[in-house]
Amino acid sequence: MITPPEISWVAIAPDLALAIGAALVLLVDVQWKPAPRVLGWLVGAILAVGAGLTILQWEQGADALASGDTESLVAFSGLITMDGFAIFSRFVLIAATGLGLAAGWRFVVSLGRRGAEATALVLLATTGFSLMVAANNLVMLFLGLEVGSIALYVLAGLARERRESEEAAIKYFLLGSFASAVFIYGVALIYAGTGSFEILGIRQHLNDFVISSPAVIYIGIGLVVAGLGFKVSAAPFHTWAPDVYQGAPAGLVGYMAAVAKVAGFAAIARILLTAFSDLADTWLPVVAGISVLSMVLGSVLALVQGDVRRLLAYSGVAHAGFIMTGVVGGATDGVLFYLAIYAIQLVGAFAVVAVVSGPDGAGSSLEEYRGLGRRSPLLAGAFTILLLGMGGLPITSGFVAKFGVFTDAWAQGYQWLVIVAVIASVVAFAFYIRVIVVMYMDDAGDEQPLRVGPERWVLALAVGATILWGIFPSSLLDLAADALPI
Amino acid sequence: MADFVWLVIALPLAGAVFLHFFGKYVKEPLSGWMASAAIGGAFVLAAIAAVPFIQGGGEPVTISLWEWMPAIGANFELLWDPLAALMALIVTGVGTLIHVFAIGYMHGDERFHRFFTNLNLFAASMLTLVLAGNYAMLFLGWELVGLCSYLLIGFWYTRTTASAAAKKAFIVNRIGDFGFMIGLMLVFTVFGTLSFAGIFERAGQELTSGMATAIGLLFLVGATGKSAQIPLYVWLPDAMEGPTPVSALIHAATMVTAGVYVIARSAPIYEFTPVASTVVASVGALTAIWAASIALAQRDIKKVLAYSTISQLGFMFLAIGARAYVAGVFHLMTHAFFKALLFLGAGSVIHAMSDEQDMHRMGGLMRKMPLTATTMAIGALALAGIPPLAGFWSKDEILAADFARGGWFYVLWIIGLVTALLTAFYIARLWVLVFYGEPRWQEDAHPHESPRVMTLPLIALAFLSVVGGLVNTPFRLGLEHFLEPSFEGVHIQEAPTDWLTLGILAALSILAAVVGVGAGVLAYRRPPERWRRFEESFEPLWGTWELAYGVDDLYGRTLVLPGRRLAEAAAFSVDAKGVDGAVNGVGRLVRGAGDWARPLQTGFVRNYGVLFLAGALVVVVWLVASG
Amino acid sequence: MGKRMVETVIFVIAALAALAGAVTVVLARNPIYSAVGLLGTLFSVAILYVVQLAHLVAAVQVIVYAGAVMTLFLFVIMLIGVDKEEKRVEPLPRQRLWVGILAGAVILFAAGVALFGEFVWVPAAATAIDQEATNGTIQAVAEPLFTDWVLAFEATALLLTIGAAGAVVLAQFKRKRA
Amino acid sequence: MLTALILLPVAAAIVVALIPGRRREIHLPLGIALSVMPLALAGYLFWVFEPAAGFQYVVDVPWYEPWGIAWNLGVDGISLPMVVLTTLLVPIALAASTTITNRTKEFVMYTLLLEAGMIGAFLALDLFLFFVFFEAMLIPMYFIIGIWGTERRIYAAVKFFIYTAFGSALMLAAIIGLALTYASQEGSASFALSDLAGLDLSVGTERMFFAAFAIAFAIKVPLFPFHTWLPDAHVEAPTAGSVLLAAVLLKLGTYGLLRFNLSLFPDASVDAIPIMAILAVVGIIYGAVVAIVQPDLKKLVAYSSVSHLGFIVLGTFALTSGGLQGAVIQNVNHGLTTGALFLLVGMIYDRRHTKKIADFGGLQKTVPLLAGFFLFMTFASIGLPGLNGFVGEFLVLIGSYPALPSFTVIAALGVVLAAIYLLWAYERVFTGVPDKEENSVLSDLSGREIALLVPIAVLIVVIGLYPKLLLDKITPSTEAVLDRIVEQTDYTMPEPGRIGDVFVAGDE
Amino acid sequence: MVPVGWYMALAAALFLIGALGMLLRRNALVMFMCIELMLNAVNLTLISAGRAMNDLNGQVAVFFILVVAAAEVVVGLAIIVAIFRRRATASVDELSELRG
């Protein structure tokens, strides 16, 4: 006789809202064929509900955490948690989704009939990643990852008028599936080594037993890190990123990159810092190595790019390295803050790319940015601030983020990593500066100003977040500090 | 009591400031008169303040004005003692006469008022130098007179030679200052202050002889710059590019004597270093004969006087190096009179000849400008050392003191004597070439006597050149008593006291002067072909002298050119290629690394797969191996 | 022949078949053969599931994989063209070399770990196997599937929705004029 | 009050930003008018400053408590002159920029933001805050060079940015390390200078941190061999950029060495004296030698900066009263004179559109006033007594000698070389007959330009003759720095006046 | 009773073969099959490990992986078909315009 499972609606409320929302979008589209504007409001409402529900969750989670009752934070027999870490990441995901959709809305509209499906896919992908960041079970995590990833594969191929889009889709798909297989094999080996899929269970196991020959666990960890490293485009698992960023529809790349990075790093941080914190001595150097390789390779390669999207992709590789230093630092708040800031900036930056490339998402070569400072001063100004924010210039939030993760890493004893990181961030300046040079300092023919649609709200928010959290970072830092994993 | 001496500086300074800002609104001669009045007023004030010293009852006083750089004991303070008073009187007195002369000389110049601005500024600076109460302030005046010298030499800035000469003067002086500054550093290190009062009181306790020698030699370096001694004299002949009153004031009477003044002022330090003193004297003697020999063969009237000045400054060094400070200062004073006279006379000639300076194109000017000729004759005889004119007394005292010192100073004494002979010869040559014989001037020259405003200063200076020597004769050592308070505690080399030695020495000195003058007159009163042949008979020596031993050229080839090469190498090879190349190289390296790593991204999925799997393998192996 | 012996024999046969199938997938020039090889491996692995009492999973494997997935594959192969054989020549420079090195490295590493590392697959604590505990009957698997794992089960719904929506979006392709 | 001082320029920038872009003619005057406000406030601050009271008007508002960062400002005798100098030069630099006709609004904004950054950096007493200002001001400067510069402006701007960012990156690492060391020793995080200065560091760590800070500042100063960004930046920058760069930005390097290196790492500072002195002296001589043959007037002045700033570093690391006072006052002096020289070069450039020395000759004939000012500034730069440059250099030289005799002697050579390169340049540009036609039709200084130069000239004379005005404010603070070093290390300050000590310190 | 290690080793071998095949073949379909091969290896691992530890969760996990594989197949084949329709090729080597 099967006893009915206990359903914790609170724990999955936002995901439920998004999933139902996705279904709603599809149904409404089939039934009424609404104007894009209506669809837009609908999606906005869905995301608002999702975001609102996360805030509700935060209240619940805070109560539970205050009473020291971590048990109640775990729901669905340990499949999922509603700890601060999950909720914070989830909120970032939803926010990035909203901004990303706004940035790509003109592209979505240009898809015509397929726009609704694209929107639904975006919502579903967010649902998947949202489950992923909340998962307390590696298989659950894998499911969330796949839900999100598969949706992204499709999104990458949506700009079907462009040959590059297809290439991006197939590359993303093949390599992504390959990485997923590697990841899940790692999970299987971890299961073999510890007898559990649950993150808490694994930690318990490692706490209780001294494992005499843990090779299988290490292989598992290595494969899991490789698989997730792929998702966050950390070197040397980054190779897909430039090609996909360049090929995928310009409007949606920001979204794709941001959510994948947020979810991937949330997973890495949770797995390594919670499940395998007892083995930190072993995996820390390896993660530090990945971090260094990412920072160096990303920065150096970004320096020689002639395409802004590729440049941003490689800068994303470098950022993966910087965030990895936060993982090395062992404190989740630094990682979360960085992720939040970076996600917003990334979406904002790609919003600019989307505007410059136009709705059909054509090229994004550096040449097209020549004289942008004259053509569209506000757009160029926003882009400049975002780029400098990503570069980590003080008084932008990017600096606070970098400072946070560097401090954590230094405190862990990884001084050399911090030194490499600060030097890499100088090289990073060099390529961000290149874009700014082209925008402001190169003379241009006088072209018409670019038409900016809903992207302007994205940019306003992203720029505001970059500067305000750069000057008054404490609000977000406090939140991140409270957002602890169980 | 003497608190108002700051006015002595302030008056010409005020004149300079006023003329600087409002000079262009003041009509031509008036601005010159205002400047003259300013410095004349300063002379009166200085004279009033000096009364107690003349009466023999005055005590040196230090007057503090305001703080400047207290950390190194350098404040604005004045020291008013007989030495300062004497210098101030010379500067203001001769200065006033030259100012007046310049009113006539600079007539018609479009920057007339600017000229007097600078002259007044110079007077203020020079007075700062001589009245300074500490080395820092002395250095202030020291540098400011250099500035004024720069401005005045380069007054006619459109002449490239003038600006080049101005720059050269300043830079060569700076080289001397370099030594002087290091000397000051040592002084500060030893005494912890730069104030005269503090230093001279404690000189005996703090100074070792090594340190004193070091300081003394470094001060000498500074003095060789300012007072145009070997090896830094090369700027002075070029400085003749400036207007002639400038040459008279700065490059004969006042500024160039600053080196002598500094060493005399630092007598308490030299007290402990016979070595440095001897070097001072030797440099002086060498310079004296060196420059005198060059003066023999010059054609330019001002060049003769310039080298003569260098030579006479050598005499002063010869004196103070022998610790005959009074003699040195005495010669400084008399030289100021007669050399200013000679320069102004030369100026008068040049003025009359429409800026002609080549003596070969003069001659027979006595008839055209008798007053100038007469006064210049007095000046020439004074320089030559014919008694009882001023030059005789001071020069004789120097030679006597050196003789009395004995030892190595016998050699220097002989050099001095020979120099006296040469001096008499070249100055006689100058006078004869200019004023005697047949006119050799160009067709368009219309020489005429200068206006009153120019001749009156000549007469005044001529008078001083005649009587100036009487302040300090062996019969009545007036100056020596006057200066006593300034050299308290310092051992001063006296001339021999027995009248026989003194008489023999004087006789030798007179003999040298007379022979020199006689030879000069005899050689050059003949027609041009004859004295030309006379000069040629001294070849190649004469040519060497005429080219001033080719020292400028030598410096150019051994110092200036290699220095420039070095600078070029540093700028265009080391800096642009080396240092900057390294910096840019790092940038290129990073970019190069990017370009090199780019092919990793082949675009082929399967290559990416290999990279991915290899990365995963490395991670796994690393984990297992370290676990 | 004891039960153990039977299991060993079945394992050896199935394992060889699975490996052979896998090798076929990789080496066959014609995609059809690859598909057939994959089919073989799937069946062999299903057999091994059964041996390990994972009945339901084995059944699903055969039905979903062999039945549905492979059919799909074959459809696509047919669509693309059966006769498209791959050339033996490797177009990418050094690709095979690197793959070879990589394979060698993996095998060397595996051998090294196995031989010198006292490698164990599962913790020593679980030596005694309780047949009943892992008897994967429909009922036995269903109970955790619908209680403990119910959320994951629901999440699969999302996967399938995405599959459907994605396929639709990608297939709705009209070539623009020009 | 200090907060207001920083925020005033920001507010001014915002006001300028709000003026519509087409009202082109009012941006610049408005900017100038607004930038006088911080000057007035700084002047008031100078007036009420109490020399003996250490850090004053301290603002200490927590920024993010868990990290221990704070909005911590304060002013003492070392930072006060720099603040005043900054606020003085910004209006002048702006007023000198009437030739900038494109994107005037942005130009004014960037300049004002730059001012805020500079003031902030001078006032910050929290290392985090300092770093924020130190780095943030790169951006406005970068734009000023990059947008309004001459031909190779992009190269120069990028080089300037990357080079200085590189230096500060290492400093960031060191700041993090310091703060964490403090946290581990005291249990609570802090970035306050006063907290970190008392840290107990191991010798190796202290030296490493010292090096990180020193490299950052050495690049900023710039010391040989980190100087090559400077000539490029100066040559390409517009006049206002050059002025502010030379007058203020470079001072952050020397200021940083004095404020942070000496306070935070006393032991390492004492140990590093020979190295820093060598770099300073090499910079002095090398900069001067290279300046001699520069064909470009601006480049020449730029290299003269390299040379002059060497004196400041020498004075700083001589660790004597005179040396430190000289260093601080020379900070101001160099700002005034070199700033003025760049202004003048800019004015020449506005007239002739060239900076090549070979293109000039005889300008004194056509522009006597300009020539006069140029000569005046030249002599101030050469270090003519009575003008400000002398006070600084003389204090440094005389003050440093007891501690570093041989270095100081070599450094004094720089004074000679300064005369050579500057006077030679003056000769070639201004004297002689104007034989090129373009040179004989130039107009002399306008009233506006004279109005820019006169305040600087007056200050030059005032400081030259009556430096007490500044020294009184400076001295207690520099003495405090020295006292701390003497207290915390086994360093003994050479006391001039006792001959036995002369060759003891630092001459090995 | 076959030792669990044998099963696991077999799975590892299958996984490796699949991975290598992924790198060696250029037909997108075959590469995709190789990924299926790898997923099967994972499944085998899970079942064997679960059995060795007397834990049914391994089998449940396999169930989910099967579903994931199925969903991947749908999307993957759709992408492949879409590409084929435009370019008439299924060779991934020809899709290498994005690089650098």
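When the chains are written out, they are named A, B, C, D and E in that same order, and each has its own residue count from 1.
The rule we apply is simple: a residue touches a chain if its C-beta (ideal position, glycine included) is under 8 Å from a C-beta of that chain, and two chains touch if they have at least 3 such contacts.
Small disclaimer: the values here were computed from a predicted structure and weren't measured.
Asker: Determine the set of chains touching chain A that also touch chain C.
Answerer: Both-contact set = B, E.
Asker: Starting from the defined contact criterion, work out which chains touch chain B and chain E both, please.
Answerer: Common neighbours, chain B/chain E: A, C.
Asker: Counting one step for each move to a touching chain, how far apart are chain B and chain D?
Answerer: Step count on the best path from chain B to chain D: 1.
Asker: Specify the chain pair with the maximum number of C-beta contact pairs.
Answerer: C-E
Asker: What chain lies farthest away from chain A once each centre is taken as the mean of the Cα atoms?
Answerer: Farthest chain from chain A, going by C-alpha centroids: B.
Asker: Please identify the chain with the largest separation between its CA centroid and the CA centroid of chain D.
Answerer: Using the mean of the C-alpha atoms as each chain's centre, the farthest one from chain D is C.
Asker: For chain A and chain D, let me know how many angstrom lie between their CA-based centres, rounded off.
Answerer: Chain centroid spacing, chain A to chain D, equals 43 Å.
Asker: So, what's the distance in Å between the C-alpha centres of chain E and chain D?
Answerer: Centre separation, chain D to chain E: 64 Å.
Asker: In angstrom, rounded to a whole number, how far apart do the mean CA points of chain B and chain C lie?
Answerer: Chain centroid spacing, chain B to chain C, equals 102 Å.
Asker: For chain C versus chain D, what separation do you get between their C-alpha means, in angstrom?
Answerer: Inter-chain centre distance comes to 70 Å.
Asker: If you look at chain C, which of its residues touch at least two other chains?
Answerer: 92, 95, 98-99, 102, 106, 113, 117, 120-123, 126, 148-149, 152, 156, 159, 162-163, 166, 170, 173
Asker: Give the residues of chain D that touch two or more other chains, as numbers and ranges in rising order.
Answerer: Only 162 qualify.
Asker: Going through chain B residue by residue, note those that touch at least 2 other chains and give them in order.
Answerer: Touching at least two other chains: 587, 598, 601-607, 609-610, 613-614, 620, 624.
Asker: Could you list each pair of chains that touch, in label order?
Answerer: Every pair of chains in contact is listed here: A-B, A-C, A-D, A-E, B-C, B-D, B-E, C-E.
Asker: Show which residues of chain B lie in contact with chain E when the two form their complex.
Answerer: My answer: residues 598, 601-606, 609-610, 613.
Asker: Once bound in the complex, which stretches of chain D touch chain A?
Answerer: Against chain A, the touching part of chain D is residues 63-67, 128, 131-136, 138-139, 142-143, 146-147, 153-154, 157-158, 161-162, 165-166, 169-170, 172-173, 176-177, 179-180, 183.
Asker: Show me the residue ranges of chain A that touch chain D in the complex, using the header's touch definition.
Answerer: So the residues of chain A touching chain D come out as 388, 393-395, 399, 403-404, 406-407, 410-411, 415, 418-419, 422-423, 425-426, 429-430, 433-434, 437, 440-442, 473-474, 477, 481.
Asker: Across the complex, what residues on chain E touch chain C?
Answerer: Its residues touching chain C are 1-2, 4-8, 10, 12-14, 16-18, 20-21, 23-27, 29-30, 32-34, 36-37, 40, 43-44, 47-60, 62-64, 66-71, 73-75, 77-82, 84-86, 90-91, 93.
Asker: Enumerate the contact residues on chain C facing chain A in the complex.
Answerer: On the chain C side, the touching residues are 113, 117-126, 142-143, 146-152, 155-156, 158-159, 161-163, 165-166, 168-170, 172-173, 176.
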